[in-house]
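Next up: the structures, one after another.
In the two assemblies presented below, chain A is common to both, partnered first by chain B and then by chain C.
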Partner chain A sequence: MGALQKVSGFIMSPAMKMLLILLAVLFPLAAGNEYQIYVMALAFVWAIAVYGMNIVTGLCGQLNLAHGAFFAIGAYTLAILTVDNGWPFWPAFVAAGAMGALLGFLVGVVSLRLKEHHFAIFTLCVGFIIYLLMDKWESLTHGTLGIINIPAPHGFGLVDFTETTPFYYLALVFLVLSVFFASRISHSLLGRTFLAIRISDDLAASLGINLMRNKVLAFVLSTTYAAVAGALYAGMVRFIGPAEADVAHTFDMITYLLVGGIGTLMGPLVGTLVITWLTQSLQSLEEYRMIVFGPLLVLLVIFSPRGVVGSFTAWRARRRAAAREQQARQTASEKVPPQAGASSIKKGAGNHA
Partner chain B sequence: MLKIENLTKRFGGLAAVSNVSVDFEAGKINAIIGPNGAGKSTFFNLVAGAIAPTEGRIQFQGMDITGMACDRIARLGIARTFQSTMLFEESTVLDNLIVGHRLRTQSRLWDVLINSKRLRDEEKKCRARAEDVLDFVGLSHIGHRLTADISQEEKKRVAFALALATDPELVLLDEPAGGINPEETIKLAALIRKMVDHGVTVCLIEHKMDMIMSLAHKIMVLDHGEKIAEGTPDQIKQNPVVIEAYLGSDDDAAA
Partner chain C sequence: MDLFFQQVLNGLTLGSIYGLVALGLTLVYGILHVPNFAHGAIYMVGAYVSYLTMVDLGYNYWVAMACAAAAVAALSVLCERLVFNPLRDAPPIHDKIAAIGIMMFLEAAVQMQWGAEFRRMPTPYTDIFNIAGLTIPAQRVLIIMGAFSLMAVLHLFLKKTMTGATIVAMAQNREGAFLVGIDANRVAMMTFAISGALAAVGATLFAPINLVYPSMGHLLIMKAFVIIILGGMGSIPGAIVGGLIIGFTEAFGGFYISTDYKDIIAFALLVVILSVKPTGLFTKGVR
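On to the complex of A and B.
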């Protein structure tokens, strides 16, 4: 049991983060071939988008089914600016993120007036409209042909991001940044605010939380993440088409979230990596791999709705609570049971914001 | 403290609350009773700003709050609990309470991204407040437990604590003793008295008559959305209209 505790303690420690980053840095050296590095880099890019989805869906509880479409908006903004308008990569990359935020704001302000499944269905439609625009607005998006010859990220003469391994490291840097900001958000008062909304709109409002403002903020954060991931994706595969906005991508990302653990910090990464590599190993089955995935997902939702990471953190929290209670019993076995404290609930009126 | 004038809420043709006027005094325990469907919860929703009234005025500490948004009313000092306790089961009890003081903080996205001093100070303040209110409701010893693992009565107390973390002047408790055994009900009543002793005004909806009669300073009785009586527990007990409303129809015998 002691060993188990040590291992679980280590997994939650800062040293684990360092170890993960170190493993990620060493991965290209250990990989058997370039294809594996490519798959991993692609998984990182998707994971960034899943982190965005985790903010609006995992923390704030709003199921945004247009998430994949915002990924495509990032990819298309980058492609159109670089290929058709001759922008250099990085300014177009920033513009793609900004476009994700701007369109996220516009869509969010309208769609977040709806609640729960109405919101989900509305965003499903928004996603489909975005797909249609990409498919039909030929003068802007090149229609079904898609956009080819998208430049790779500019390496300033130092690195060549058309090569797989350098791009892998670039994706890794963006992933680490994404996780870092996601961690800041989820551990902060802002993350707690989002979580209160996830529990219930009524509860959050009764706690003085402005629902619309916070929901729109969560939505914009998520679409920005999605658009940044989409722009990276465009710079990686260098060819995009309307299929990027297919709702299937959104459902893939929901699967990653559910498997990893919705609302948890490491869930999006764990889920994306697990499913990506599972998909790779089942590639010989082609479309039939869904026969494997479907039942697996059903079992997961029934028996472990918190996903891999959520189940782990809950297990750990219970163990720690039990350990603390045991400790408390040992140290103060003769003391009377805890009484309601004497602390006052009325503070001075000075801090009313 | 809370002054209600001619409050009416109609849903289509149905008047859930109809022309209710009442005055609740500061520092007192005010109870609202009535058969199921009498409009008690709607009355709370109107006061808390969850829904806007069709007619009438609500004044809180001399300020007109009629039709004001729920979150603004919360910031003015009205907190509430709900019939079914809503908590985040997957995190610890203490973690659930920290957000309660969020409305007294200013930090925004930018503070979060740069982890500003303001944010760190405010997070400390919120955590301290959470510990205070948890101590107040007598649950300091289970602060680290997962909320999913605590008892129903403890959850009710946590919901009280969450409401108190907002620094309220007035707390609306919607059936605080619902689903709680008699022994725990007595303890919960003691906690409600303690809240009032610390300067919080309480307004509660409850079906447990012995609890209400020993606890409340003032009782308002609603039936079919209308106020049929108002007064001290003794006055209410002897009021023939109230006895009629409670015993005369068959759908509320359980109360």
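On to the complex of A and C.
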């Protein structure tokens, strides 16, 4: 039991984060071939988008089914600015993030007046409108042909991001920044506010929380994440088409989020990596992955809605509470005369509740 | 003027199919308060079942329709038992995610089994009537007549029979229905069966003038959602009226504005309406 506790304690400690980053930095050296590095970098890019989804869906409780479309908006903004308008990569990258925020704000202001089912259906429709626009508005988006020859991120003459390994490190930097920012949000008053809204709109409102302002803020944060991830994706794959806005991508991201643990800090990363590598190891499955993912989603929401990370933290919290209670009972029976023991156990239990 | 009436006919055809699909969706929503995202995939399975019974097994159009209705009703009941029933007390977000899971599974399974190619469903009714300059294909007449008679039958079933009344009762007031001894499980299964059968019949009617392919339900389910939001979620007349509104808007919009963007029209309409009135057009009282 002691060893188990030490391991689980280590997983939660800051040292674990350092270890994870170290492992990620060393990964290209350990990887068997360039393709594996490529897959990992792509998974990092998707994970950034899933972190965005976690803010609005996991923390704030609003199921946004247009998330994949905002990913595509980031990709298209970058592609149109660089390929058609000759912008350099990094200004276009910033513009892509800003575009995600701006459109997120506009959509959010309208859609967040709706609750639960209406919101999910509305965003599904918004996502579809965005997809149709990308497919049909040929003068802007090149229609079904998509946009090719998107430049890779500019390396300022120091690094060449057309190579896989440098791009991997770039994606890693963005991922670490995203996780750091997400953890700052979830530990701040803002994160608690989002949680309160998830638990109950009415309760949050009665605490004096401005529902609309906070929901729109969560939505804008999430679409910005999605657009930044989309822009990175465009710079990595360097070819995009209307299929990026397909609702299937949103469903993929929901799967990543649910497997990892909805509303948890490390859940989006864990889920994305697990599913990406699972799909990779079953190459033949790529096209029909939904045959496995569909029932997986259903089973998860029925039997394990917390996901990998959520189940782990819940398990650890239970163990710690049990251990502390036991300890309190021991000290109580050692130090205090038997009559007073009962009351101090009660007090001890009350502290952890 | 002929062109105008031609569009009226188109609108009526589209509207009656949309109405049928939206009816199934709104019935399920009324009982369980689950937006069944899998309904479009269920519709698609209906089209495949009738296509296969007709083309591969060589049965008659009407037999195929009955087979599809029975098979899809059974599939819907299975989904209710295995997925939605265990999630009765879960947070609403879980129902939605589970419905999406079913949808993805059905689409991928059909695509793996029968491929992604487009198929054309044959129909015995290929005549084309010419009345006062209007060209009226027999299949369209069949769609309109079939859809509206089915709606009438459903209306009679819900209003005049005891079993129908239990569904209405549970949609109106869940606790009240339990108080008078209505079995929730039975009503839920029956509602899913009816909703699946409606979707399958709609698919069999519509497929001959459309095509059969694994993602054929995508657009339709989203339009059906637009319709039931317009008509008020859970409202049966709302679904029929909403279906006709969207059908006509699309027929006329596609003709007079742009065929490229005709699919956007329904969604744009939804965005405009919900921006002005977040509760939908025909909803009564408070949210």
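Couple of notes before you dig in:
By definition in this document, the second predicted complex is superposed on the first by the 318 of 353 C-alpha atoms of A that agree within 3 Å, B and C clash if a C-alpha of one lies under 4 Å from a C-alpha of the other, contacts with A are read in each partner's own complex, and residues count from 1 in each chain.
In this section, a contact is a pair of C-beta atoms (placed from the backbone, for glycine too) under 8 Å apart; a residue touches a chain by one contact, two chains touch by 3 or more.
On a predicted model such as this, the values are computed, not experimentally measured, just so you know.
When both complexes are overlaid on chain A, the residue A:288 reaches chain C alone and has no touch with chain B. Contacts of A:208 after superposition: chain B is touched, whereas chain C is not reached.
Looking at the shared chain after the overlay, A:34 reaches neither chain B nor chain C.
When the two structures are aligned on the shared chain, A:136 is found in touch with chain C, with no touch to chain B.
By the touch criterion defined above, A:163 reaches neither chain B nor chain C. No residue of chain A lies at the contact with chain B in one complex and also at the contact with chain C in the other.
Residue ranges of chain B in contact with chain A, taken from their complex: 48-50, 69-72, 74-75, 77, 79-80, 82, 86-88, 90-92, 95, 98-100, 102-109, 111-113, 115, 119, 122-123, 125-126, 129, 132-133, 135-138, 140-141, 144-146, 149, 162-164, 166-167, 191, 194-195, 198-200. By the touch criterion given at the top, residues 181, 184-185, 188-190, 192-193, 195-196, 198-200, 202-203, 205-211, 217, 221, 263, 306, 310, 314, 317-318, 320-321, 324-325, 328, 338-341, 343-347, 351-353 of chain A touch chain B in their complex. Partner chain C is touched in their complex by these residues of chain A: 57, 61, 63, 110-111, 113-118, 120-122, 124-126, 128-129, 132-133, 136, 247-248, 251, 254, 258, 288-291, 293-298, 301-302, 305. Across the complex, chain C meets chain A through its residues 29, 33, 35, 37, 82-83, 86-87, 90, 92-94, 96-98, 100-109, 111-112, 218-219, 222, 225-226, 229, 233, 260-261, 263-264, 267-268, 270-271, 274-275, 278, 280, 287.
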